[in-house]
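Take a look at the structure below.
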Amino acid sequence: MKTTIKEKFQIKPESPVLIEGLPGLGMVGRIATRYLAKHLKAEKFALLYSPHFPYYVIVNKKGNARLLRGEFHYWKNPRGRDLILFTGDSQAQTIEGQYEIAETILDFAKKHKVDTIVTLGGYRKEAGETPQVIATATDTAILNKALNADASPSPSGNPIVGTAGLLIGMAKFKNIPALCLLGETRGYLPDPKAAKSILQVLQKMLEISVDLDHLDEEIVKSDKILEKMRQIEARRETYAKKMRKGEEDKTTYIS
Amino acid sequence: MKTTIKEKFQIKPESPVLIEGLPGLGMVGRIATRYLAKHLKAEKFALLYSPHFPYYVIVNKKGNARLLRGEFHYWKNPRGRDLILFTGDSQAQTIEGQYEIAETILDFAKKHKVDTIVTLGGYRKEAGETPQVIATATDTAILNKALNADASPSPSGNPIVGTAGLLIGMAKFKNIPALCLLGETRGYLPDPKAAKSILQVLQKMLEISVDLDHLDEEIVKSDKILEKMRQIEARRETYAKKMRKGEEDKTTYIS
Amino acid sequence: MKTTIKEKFQIKPESPVLIEGLPGLGMVGRIATRYLAKHLKAEKFALLYSPHFPYYVIVNKKGNARLLRGEFHYWKNPRGRDLILFTGDSQAQTIEGQYEIAETILDFAKKHKVDTIVTLGGYRKEAGETPQVIATATDTAILNKALNADASPSPSGNPIVGTAGLLIGMAKFKNIPALCLLGETRGYLPDPKAAKSILQVLQKMLEISVDLDHLDEEIVKSDKILEKMRQIEARRETYAKKMRKGEEDKTTYIS
Amino acid sequence: MKTTIKEKFQIKPESPVLIEGLPGLGMVGRIATRYLAKHLKAEKFALLYSPHFPYYVIVNKKGNARLLRGEFHYWKNPRGRDLILFTGDSQAQTIEGQYEIAETILDFAKKHKVDTIVTLGGYRKEAGETPQVIATATDTAILNKALNADASPSPSGNPIVGTAGLLIGMAKFKNIPALCLLGETRGYLPDPKAAKSILQVLQKMLEISVDLDHLDEEIVKSDKILEKMRQIEARRETYAKKMRKGEEDKTTYIS
């Protein structure tokens, strides 16, 4: 088995934008891309399979099992540029697999005349109430569009790991302008807040409008989990402090 | 060396069922498949070799060494559908190897006009006296057959790792209906009880009859080992509790 | 770069025996093969290179650097069957590499009409003054020759790891009878004593005669190192015992 | 994606010298090669990309992201042999990748009629004020040139890891004389002092002249960091000694 894309039906987009968001830091890219696909009612039209994904299948709600895969969704934009949205279950598990999957996606993009790529992900940072969106790109023209839509330029030296990174790096060889948007996130929990920040930049840039209310519900839930974890952490630290104190007392006492 | 199957003699099955059980959780799939092959007196007719198996040979009772391999057995069913039984020494050791071996098995199945695949394995759970059998499938028709034979539907989100999983995931591309049966098992010891549960479902589904008495002997042996391990574990815990008690006393005393 | 063999000059052996000994447990196979090559004054006639060897070069006494490699030596036997001796710097570093290198060696053996293969290695065991030699083979005929030359049959289930194992496992596909001889060794130090035991079996089997006196010098040296290590270990244990005693006293005192 | 070299423009060198220095021990090879390229005003004329580099992109000062890569620079020497300077972001991440990249560089060297290769790196040693330069080579003729330029011969058995090593090891197959120069370094910090020692040998050997003053600035900076680290280390050790003393007192007291 090679990395392959199986098309369920043919689409005829006109110079569409490809948006990519796979699982990664804070699941930011995946949450944003899935949210877009769902709320735009984009249609799943192609599936990407690869021997570089983890070697298991997952059972769906109907009780059927399927391979891990990537999914391409197509949204016919009535008022502007069409979108192809790519998300999936997993990143490639090996270095060579990462490059192979990125190249397969780019060939597919080229075939469908994609003329802009936007990859989404997380950026590790203790973010404030409104996480910032960090942008980097293949060239200054597309980068400026993101900056005009309230993104901030990425600090230099910043590494962007995985498919979100390799797609921009390799897009240059296919002459497709590509942009990467990263939402600030602590990263260890799914972070809908960072995803929302990204979607706000995207909406402005692409002149589309998506109702983000359902994402707000996710944010409320996620904030509650976070708060609970903070309380547990605080209790754990108080306890650890006490323990250390006891140890120190003991040491002092004995010596 | 590539993954290859060497046929010792040609078989002419009519739309046979392929049953797969490689080593895995609780060795459930392997125990069940080997038991079937032995008690049906199925004939070993083909061997699968792969550079993705571990790189050692094993010595048999006659003192001869052989590569790790998979083994296909053929059973000519006098009263119904023929069986091809696949088991072996090991799973593939790399991600890409897992996909390659699953694909090689499927091509071989296609060549022999297999029209149903059943993969067997373990499902990690503290099981009761009679372990349940969890089922998932490529489609609802074949899944229902298993449910009618007393299997339970798999919870959604359940990952099925290794060849048992990938075969169902990839069977879809070859248009072969495939079913996975997982016996509940604690998983860290060979578990003939879980294998028996699976065989009972299989017998009902495939309308075959296999004497399971010898498996009962295995179960008695395995229960004894388990009981011994529980006793050791209990003693270990009592001892650890005492130790912790001592430590706490000491801490309390000092601080 | 692929795994390749570069021949420095052409040899015309008549149904030679191929003896293999790469680094492994106790370096037994390598010590035995190198000793044979040196004391028979066998000629280095071919080199095996592979991208599966570790990625460094080593500097020789003249200050020149060279890739890691395998070396084939040829010995024209004036009174019997010719020998091809294979040894080298390293085993392959990946599973797939192990299979690839074993296959390359076998193709080379076939080309040179090798009709017997003997692979050498170590067998982990606390050995007595004269380590035993454990034998396993592709078939009973060749195994019996080893048993008649004072080797013992391998226990069943014994795994033979690496090139020494895979060569026997894969020799069957090329119809070359193959034998594996393993010298008992503790395994964590180069073990010339185990190598000597193997050479004694080999001499008898192949009806050749090699002066093993120089190996005895190695054994004396190695025994001295071993003795020193035992003394250090004994001191370390005495000290550790004292420490534990102190800890126990302390615990008792406090609680 | 395969390992490939993209040429930005064609060069016509006459039997040039290829100098290689990738990241490694003390970053010695990379610092030296980059310094040469910068101060000779060599032109970047070709880029090497590979799926064996880490799977991320890095953001440059303009905010644009690019793949990790190797860079070839060309310097037209007005008074002698031209130079091709190769450096880059990273070494290959897998064994097979290391061999593949080395081979790709050598094919490129052959194409451009390179007739001497010099690879640069670090040699782990507690070096004095002027680190020595250790040399090894494919043959004695080129090795002697380095020794005449104040390099010291490498001790035998010394392993040279990575591209600097494999290039010399594989250069022999392409009939290109190759030399490796290693600057003594503690290795855990970028070490411009070791790089300077190498450049002094190179200048003498190649009869070129490069102003090393800017490197001296780097050395002053690096010495300051080193001094600070030594102070921290010294304080840490004093503290650890005190702690151990306390523990020993306590033990003595109790038992």
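Letters A, B, C and D mark the chains in the order given here, with residues in each chain numbered from 1 onward.
Simple rule for what comes next: a contact is a pair of C-beta atoms (placed from the backbone, for glycine too) under 8 Å apart; a residue touches a chain by one contact, two chains touch by 3 or more.
These figures come from a predicted structure and were not determined experimentally.
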item	value
C-alpha-based rotation, subunit A on subunit B, 0 to 180 degrees, nearest 5	90
Copies subunit A and subunit D touch via same or different residues, half shared test	different
For subunit C paired with subunit D, centre-to-centre distance based on mean C-alpha positions, whole Å	36
Centre-of-Cα separation between subunit C and subunit A, whole angstrom	51
Interface hub residues of subunit D, defined as touching at least two other chains	254
Every chain pair in contact, whichever chains are involved	A-B, A-D, B-C, C-D
Subunit D residues touching subunit C - in the complex, by the definition given at the top	92, 95-96, 98-100, 102-103, 135-140, 143, 153-162, 165-166, 168-170, 172, 180, 251, 254-255
Parts of subunit C lying in touch with subunit D, wherever the complex brings them together	1, 51-67, 93-94, 97, 245-246, 249-250, 253-254
